[in-house]
């Protein structure tokens, strides 16, 4: 079986493994207070052109999301997210488990929410004479790229950031696959833009070549206060924190992170072109490493004998949308084989 | 600087790194539903002689503790722990953050609580006519070995288990350094004993040769129900769960886990004998890989120029107790050098 | 100003005040363990033909809702509610503050959800291979009558109950204005039906003639276990619990509760007929004490000089739906005056 | 049976009942946004000489405690309390249920903690290099009077307030029986002192002549931000909030509150003198409406045939400490009868 169902099916990039192997016997203090973490954080701050920001390394994406949200909100405040956003549908109610409602805004297949929607939601709250009887919207959560692989343009991010600042909202960006949004066709928002526009965001490692780990960048100093307490309290502080520093140190050196993302995206676009050539419409217009063709069930069943992919949405009685993911480990020959098999269907 | 301040200062055992390296490119499903996890779980069940138990791999000890406790208790129920227990003092209130009080029972420097104390606490609760105005004690948490390196004897564990069963309490054992308690001088409780006596316990990897990871064994099937939801919700479910399976697979093969623990303990006893020879009393009688000599401040300052260790307790104006830890990575020559330097003081 | 904006604008029925005055100096134990509470509970059990059920008196509706839900669910479980349900929109995220997601099902202006919707939601959850990454739907919350004054028929309640039992869900009914649903035109579900069909429900006092207080009836004994701990923990246990027993004792004697509800409904229907006569369509078909005419803004502004009512929904640029409520204290002459003024518009 | 076991055994003062009866049919807006609440709040602000403070009326003491603490703390912060403090032992873990640890400081039978203890606790936290692994002490909770009826002197309150301000802690005073601490022998701290020294405190009504209700005074404006959301979220916002305004309006008029407290205290001191005359030592030196004689079991059994009181602590095999409470409703003749019966023992 050749697997395309997600981008966390293998271990880590050779460069990452090498760094872990080489530093294996070095002794360092625990809990992220080591030189590897300090060095990786410095590189990230530099890449983000955000010298004053704080960088914390956590183990997984769900954990970053609920830990940051729990740290940022008071008990009566809520996070706004797209109805298909990860915190709204795929984290087992982890944000609610910290006591906060996720206010789901309707979104299309692109999985995006707009500044206008945020404005309307917040203004409706404050205009309601019984707003104290409702959770107070206080934080805007988006993913870049989204669950469906689409990306926010710089203009969209600017607009979201502007409405957040105007309304006193916290702007938080989930970057589980952030690298792909930085390098894909049409990408026009850089890490420095994100650092400038968001109060916090994370650079995902798990899905971009690390064994595991995410780098949370908090650019708003008020939101960084005592963060490490809450990181520890919620289980996100690794005893051997240096493992995260070592990995991000490797990823952030010599353009490895971007190069890895670029390769993932290029392989994904090869698939995309094959789908289009085959006449399979795309469920959504993802420029990143996830591609969502709508195909006949019969064709998909045939492919499934040799390849794994994820079911995404039923379209009609004989067609469904599925997801193919590429990763840092996807082999060119596997992509070529898949394309050949699609053509042959 | 030669470091003895804790046992999570390095990476992982060569066998563990090798297993990670060798499996790095293998594709597996995510979230612990892979063959490596299944195989490692099977080995653990066999070692524990507990074929019906469930095994879950989580990332860290704090996380196992609060996740299991949150899954096991209803909102009004509390965990009983020693006043110096890890959940009572070193986890940033993580159990309280899930809504539950930790009822701290007094304990001596051995960090242990007794079956009699548990009985008294629970009987006092139910005898009080206003017990509904107090959290209901429902779970007993101990560490084996304790924070201070001491161990519960089999008889003590039997007694704790018996009172828990009699009173309808859940018995949970934190095994962050469990291996050392299995092999140290005086050890008489096996993994199979733990599995027979506790409702759940975990076998720590982070402090015994893994890069990271703990194996939670739930022997009481009622407490395993829907556990994976809560594991995900609390951030404990790793996307590349196979990393944990691969590591525990290595640790549980060919006696590596016990051999590692035995080596840690032997090196620690070399230190212990050096402390005794020097006339430094021991703060507590730890037979495991943590040793706590009481020494003159001046001597410790001298040692601190070359070695790191942890401050533990002030004894009088010129003496304090400190902790020296050995780990899988501690070098024999470093132990020898330290002993030589102690003798020369 | 003559007020119709809600049904909690005055104190309590004369019979309730009389009972409070007459018992004022009697000494009783605290926390609801008194004879007044016991007697009122017995009357409620009898009325409900549910001799084995438990009755708890709490102070307010929001409190009953989140306290029961917190007591009933495990951490990963969610409550299903209509998108316009009270717990979904008007309780400041109180259910989320206990850690649970409220899964909002779409509903029309009648504010109702159907057994088919519940079935679909639950089956979709379990059919999803990643269901462990989503909150588990476990409890169905409805209001009888709904936020918009409509009622569930006996057949609808039977169907909801049946799907809950089939799927292992808890069925909970918010009865803040329950009396009106028992006596209004078209009502065909009795208290005994509710007790038979739901796992728990509450009989609202605050909006039906009591000063304050709600009677929670738990018919499923498994859900009553240790409930008083959680009631105390969440602030719902009144020190002078007898005040609730005294009030419900009065309400449940001689048909006072139903008589009060009937009067509220009759006055509301006088208004309803006046709206219809005037040609004002009804926003929703409420047979209870809340009526929702759609009227021209100009007419409403005129009425607002003399009467208070609540804005409910904007219909078009010159029309909006508003809410008129009657209560136990609404005066006949005030209703007559309002009708006369409507006719004169 | 003549009851002395607590001070919440009866309804309310005649003046309070009269106010409720007289205003029963007046229509007001709900949720505390009525003129009765506004007027009562104004009186309280005036009495406290705290014109800028916010006053919120909640239903019960446990609720005020956990609601204020939940509103005031971030997730990693803890409340400091005496080991015998109400939040530490008699509220079913309600503070923990909002996610926060209660750090219990040792205290004697007077139930008090000192500024020095608070200072030591906080300094020890910050001096610990692993303080991020522990809950951060951030709020000091005391009761005035304490659980055991003792009172803090003005000097003690000044010292607590000073250490709180120096260390950035929130100072919160539970005043369930506050009136008695204002008027008892030895009392030297006024309402204005409390308002000046504490960040928030509450004036208890339930135990001082109201049917129910507590007036929370928040003098620190930063802690009042959005408080009403959290009050609603935690079930503390009464639909007919005016009931609380009406009651506190009566209590705060013409010195009724203080007069009631004074009468309670005077009757308690009559009992105290009878205990002393009898040679029964006092368990603690309470100058307020709770008295704790240590008496022979046989004598107490004899008294228990006619009077109720609370068991408090076993002293030796034949003696125990018990609690006698007086309330606004305690009859002089009942006190006289009790004293006569004690003398006759």
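Each chain gets a letter, A, B, C and D, in the order it is written, and its residues are counted from 1.
In this text, a residue touches a chain if its C-beta (ideal position, glycine included) is under 8 Å from a C-beta of that chain, and two chains touch if they have at least 3 such contacts.
Quantities reported herein were computed from a predicted structural model and do not represent experimental measurements.
A.B. asks: Select, from B-D and A-B, the pair of chains that is joined by more C-beta pairs in contact.
C.D. replies: Taking the two pairs in turn, the one with more contacts turns out to be A-B.
A.B. asks: Most remote chain relative to chain A, going by C-alpha centroids?
C.D. replies: Of all chains, D has its centre farthest from that of chain A.
A.B. asks: Using Cα averages as centroids, what's the distance between chain A and chain B in whole Å?
C.D. replies: It comes to 34 Å between the two C-alpha centres.
A.B. asks: At what distance in angstrom does the C-alpha mean of chain C lie from that of chain A?
C.D. replies: Distance between chain centres: 42 Å.
A.B. asks: Could you give the separation in Å between the centres of chain B and chain D, each centre being the mean of its C-alpha atoms?
C.D. replies: 42
A.B. asks: Mind pulling the chain A residues that touch 2 or more other chains?
C.D. replies: Residues 75-76, 91-93, 97-99, 132-133, 135, 229-230, 232-233.
A.B. asks: Note which residues of chain B are touching chain A in the complex, please.
C.D. replies: Answer in residue numbers: 1-3, 5-6, 8-12, 17, 20-21, 23-30, 59-63, 66-67, 91-94, 97, 206-207, 211-212, 229-230, 232-240, 243, 329.
A.B. asks: With touch defined as at the start, can you tell me which chain B residues reach chain C in the complex?
C.D. replies: 31, 70-71, 74-76, 98-99, 132-133, 135-136, 226, 228-230, 232-233
A.B. asks: Per the contact definition, I'd like the list of chain D residues that touch chain B in the complex.
C.D. replies: Touch list, chain D to chain B: 75-76, 78, 89-93, 96-102, 130, 132-135.
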